[in-house]
Amino acid sequence: MEQLTSEILAKYNYWIYVVLMMIGFYAMIGKRNLVKKLIGMNIFQTAIILFFVSTGAKAGGKIPILNKYEVLEHGVNVNSIVNPLPHVLMLTAIVVGVSVTGVALAVMIRIYRKYGTLEEDEILQKIEEENG
Amino acid sequence: MRIDFDSARDQIPQRDMIVETAIRLMVPFIQLYGLYVIVHGHYSPGGGFQGGVVLGASVIMLGLAYGMPFSKAYLNEGTSIVMANIGALIFTGVAALCAFVGGMFLDYSALQTILPFISPVDWRSHGIFLVEVGVGMGVMMIMVSIYWDMASAGKMDEGL
Amino acid sequence: MNSNLHMYILAAPLLTSFFLDIFGRKKQGLIAPFVLGSLALSSALAFVVLGRVLETGPISYTVGAWLPPWGIELLVDPLSGLMLLLIAVVALIASFAALPWVRKELHDRVHLFFILYLILVAGLMGLVLTADAFNLYVLLEITSITTYGLIAMGRGRAPLSSFNYIIMGSIGASFYLLGVGYLYLLTGTLNMADIAQFLPALQGSFALGTALAFVLVGLWIKMAFFPLHGWLPMAYSQAPSGAGVMIAPLMTKVTVYLMLRLMFSFIAPGFSMYETDLQSMIVWAAAIGIISASALALGQRDLKKMLTYIIVAEVGYMVGGAWLINEPGITGTVLHIVNDALMTLCLFLAAAAIAYRTGSLKFENLTNLYQKMPLTMAAFTVGAFAMIGVPPTCGFFSKWYLLLGGIEAGQWGYVVALVFSSLVNAILFFRIIEYAYFGKGADDHGHAAIERNEAPLMILCPLLLVAVALIVVGLSSGPLVENLIKLAIPAGFLG
Amino acid sequence: MKSLALVATLVTGALLFYSTGDFAEWGSADSPPNQHVSVHYVEKAVEETHVPNIVTAVLGDYRGYDTMFELVVIYCAGTGVMAILRRREDEEDES
């Protein structure tokens, strides 16, 4: 039982990320509504962010903001500070995600103005009608 | 789901005194906080992106309370585009300048050849600051510009 | 080694795009000199850099003067030098043709188009240079976002195709990012060369296989490898013509280059991954992809749509050739990246020239084009011959290398697919040439009813230039392979 | 179509779920990401850049090239939104 608990604690973050990622991925490829697809994309990106940040965690680690003078004099114990690199990477990934969402929303506004709906089936039906 | 953009723009919602007053009071403090987040990025969580988004949010809040035309009058459209480009140019310009004065691309310590009385390591710190200011400017103006375009569906006349 | 020349290649279009936004909004006349000037500067610098790299050997450049595993490393070797030159030249030629088209199609959004265009070029150049796995993701997203924007500027179904591309492209990029995350989790570094050092110790780890699979599938979605190609035909055929002439030749080829780059770094020969059945499975998938895409191309009744399916088939050529993992296969792949970029550029320019005058690219509307636009159609014919693989043109030589590689590796499915696809291309293009040459029927022979009506010089001159280049590159394939491509392939993959 | 999507999702999920078995424990200071490159940042960033916030130091300097393109990405989004939405009245889509 204890072993199981420790296993769950050790991998809990990664399992949750897989579940989140599956929800997002299914919404992106399975749903027929464009807004739902976009929401799925954001969930997918959130899952990736959770995964990356989990890789940098250290049990009992402190935030990576140090006291300049103390560090210059005495150095720093690496294991007491969390890994800053995944946080940096995810700042970049968040900005990229926001940008893609912005462009996707703009494209969606144009789709809505042209077809009057955001349901993929209805849009395809309208295109069929247009082509005779 | 089904919003008619034209009629939505006709019915600009009723102005609300409470919202307007609250936002008018809050906006200066939000902007101050945004500046603090940019400037204090060396010593606390924060930096150009976060501060830029906070600054952008202050203008967007004005737009939400008083309608988009007000926020456009508050922050001129042409100015915002020029500022966004200047922000981007600060970053890429500093990067290219570092290469130009003999260092490597983005090697802030090479800027010592311009102002020799600052040590190379301090130049890295100041270089990061310069770049963060550029990022803050760029992100703020681009966020506002995206809001304007989305709110008015590209017509830049009315909207929320 | 402290030379920043290759950074200026990238910085020139990037900085110009910001100036373009400030000044080009008011003065439309400034756009053309800005765009052409910056791209010409890039091309000239790329030429110098390639020469220098061939002379002195690969340059490892560290941005910000931080040593590789900690800072971001850029790698300028003969392969990336060649790609830089290709991107700069293709973008320069395409921008000549894009100018009249954009003025006609987009009216007052010309400067916005060219801002995105220049940033796309800079992003592609960055992709070619980088040797850092995460930096590659950021640049991949830059090229994607600009492409989404450029495609959505078109008319009709363009926004819908752009949205599909956004969803598929995001899945591809997210998969790639996940793969990089796994590699980071397993090795603790993001530098490609540094990751490669840790890989032998991790052989047999399931997580490593997953990581490489996600990286590969992510790139395959981006390059429209056959079962994952769904977004490409609509997106490329609906894009504004000015954007299509640049996006179609470059995007998929650069992604193929990225796959090659990752293979060269991660899958060194002797590493167990390619001794398994995986390698031949990928080659078989490529063969099926080539055949299916060619078959789908047969069903199209629109020139541009047909060309997009040919692009999907060509991606199959290159992926299959790369995964043959032998000398002629990889040589052929690198040569085909160059040739295919030029051939696609030629055909898309011809399509843009025809559409500029006739307004439609449906096969029925292509009648009598040889009388109306003889020069355009001459160039189109050269491009078509190159695509089929007729000897003096360059398409023949890269296909020859790919065939040799297939035979050497004993991958007969791939060889058959190559031959089949060449035959289908012959049918496809001769059908168009028939339409364009013979026209409707006998009733208008002898009359001088059809006037010559060539496309504007801004489109025609680059088109003719590329058509000549197809033959010149074809004739100089031997020296190109000996002096450049042999040097570009890591020693382990030779012999 | 939906069942195909479900199968694809489940296969991807199973692959990812199974490969968590090879991961280092969550929060362990000995895992590769916490042992290789990041150690240098934590130990040396303050000394080399004089910035107490390591995240800012890595973002602005060590990986400044990424950050530059990050700004370019958001700039592209702004320009892209403008390019997509700002159409003249006469080229308006019919609704």
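Read from first to last, the chains carry the letters A, B, C and D; within each, the first residue is number 1.
One rule holds in what follows: contacts are C-beta pairs under 8 Å (C-beta built on N, C-alpha and C of every residue); 3 or more make two chains touch, one makes a residue touch a chain.
Note that the coordinates shown come from a computational prediction; the quantities given were computed from them, not determined experimentally.
Colleague: Which pair wins on C-beta contacts, A-D or B-D?
Modeller: Pair with more contacting C-beta pairs, A-D versus B-D: A-D.
Colleague: Could you state the distance in Å from the CA-based centre of chain A to that of chain D?
Modeller: 8
Colleague: For chain B versus chain D, what separation do you get between their C-alpha means, in angstrom?
Modeller: Each chain's C-alpha centroid was found; their separation is 21 Å.
Colleague: Starting from the mean Cα coordinates of chain A and chain C, work out the distance between those two points in Å.
Modeller: Inter-chain centre distance comes to 29 Å.
Colleague: Please report how many Å separate the Cα centroid of chain B from that of chain C, as a whole number.
Modeller: Their C-alpha centroids are separated by 35 Å.
Colleague: Hey, what residues on chain B touch two or more of the other chains?
Modeller: Correct list: 43-45, 49, 84, 88, 92, 95, 105-106, 108, 146, 149-150, 153-154.
Colleague: Hunt down the residues of chain C that sit against at least two other chains at once, touch-wise.
Modeller: 14, 21, 63-64, 134, 138, 141, 145, 148-149, 152, 159, 178, 184-185, 190
Colleague: I need the residues of chain A touching at least two other chains; which ones are they?
Modeller: Expected reply: 21, 25, 29, 55, 65, 85-86, 89, 91-92, 95-96, 99-100, 102-103, 106-107, 109-110, 113-114, 116.
Colleague: Looking only at which chains touch which, which shape fits best: line, ring, star, complete or other?
Modeller: complete
Colleague: Hey, which residues of chain B end up touching chain D in the complex?
Modeller: Touching chain D: residues 41-47, 49, 84, 87-88, 91-92, 95, 105-106, 108, 121-122, 124-125, 127-128, 131-132, 134-135, 138-139, 141-142, 145-146, 149-150, 153-154, 156 of chain B.
Colleague: Under the stated contact criterion, what part of chain A meets chain B in this complex?
Modeller: Residues in contact with chain B: 63, 65, 91, 95, 102, 105-106, 109, 113, 116-118.
Colleague: Residue numbers of chain A touching chain C in their complex, please.
Modeller: Contacts found on chain A: 21, 25, 28-29, 34, 37, 41, 44-45, 48, 51-52, 55, 85-86, 89, 92-93, 96, 99-100, 103-104, 106-108, 110-111, 114, 123, 127.
Colleague: Touching residues of chain C toward chain A in the complex: what are they?
Modeller: My answer: residues 134, 137-138, 141, 144-145, 148-149, 152, 157, 159-160, 162-163, 166-167, 170-171, 174, 177-178, 181, 184-185, 190.
Colleague: Name, in rising order, each residue of chain C that touches chain B in their complex.
Modeller: Listed in rising order, the residues are 2, 4, 7-8, 11, 14-15, 18-19, 21-22, 25, 61-65.
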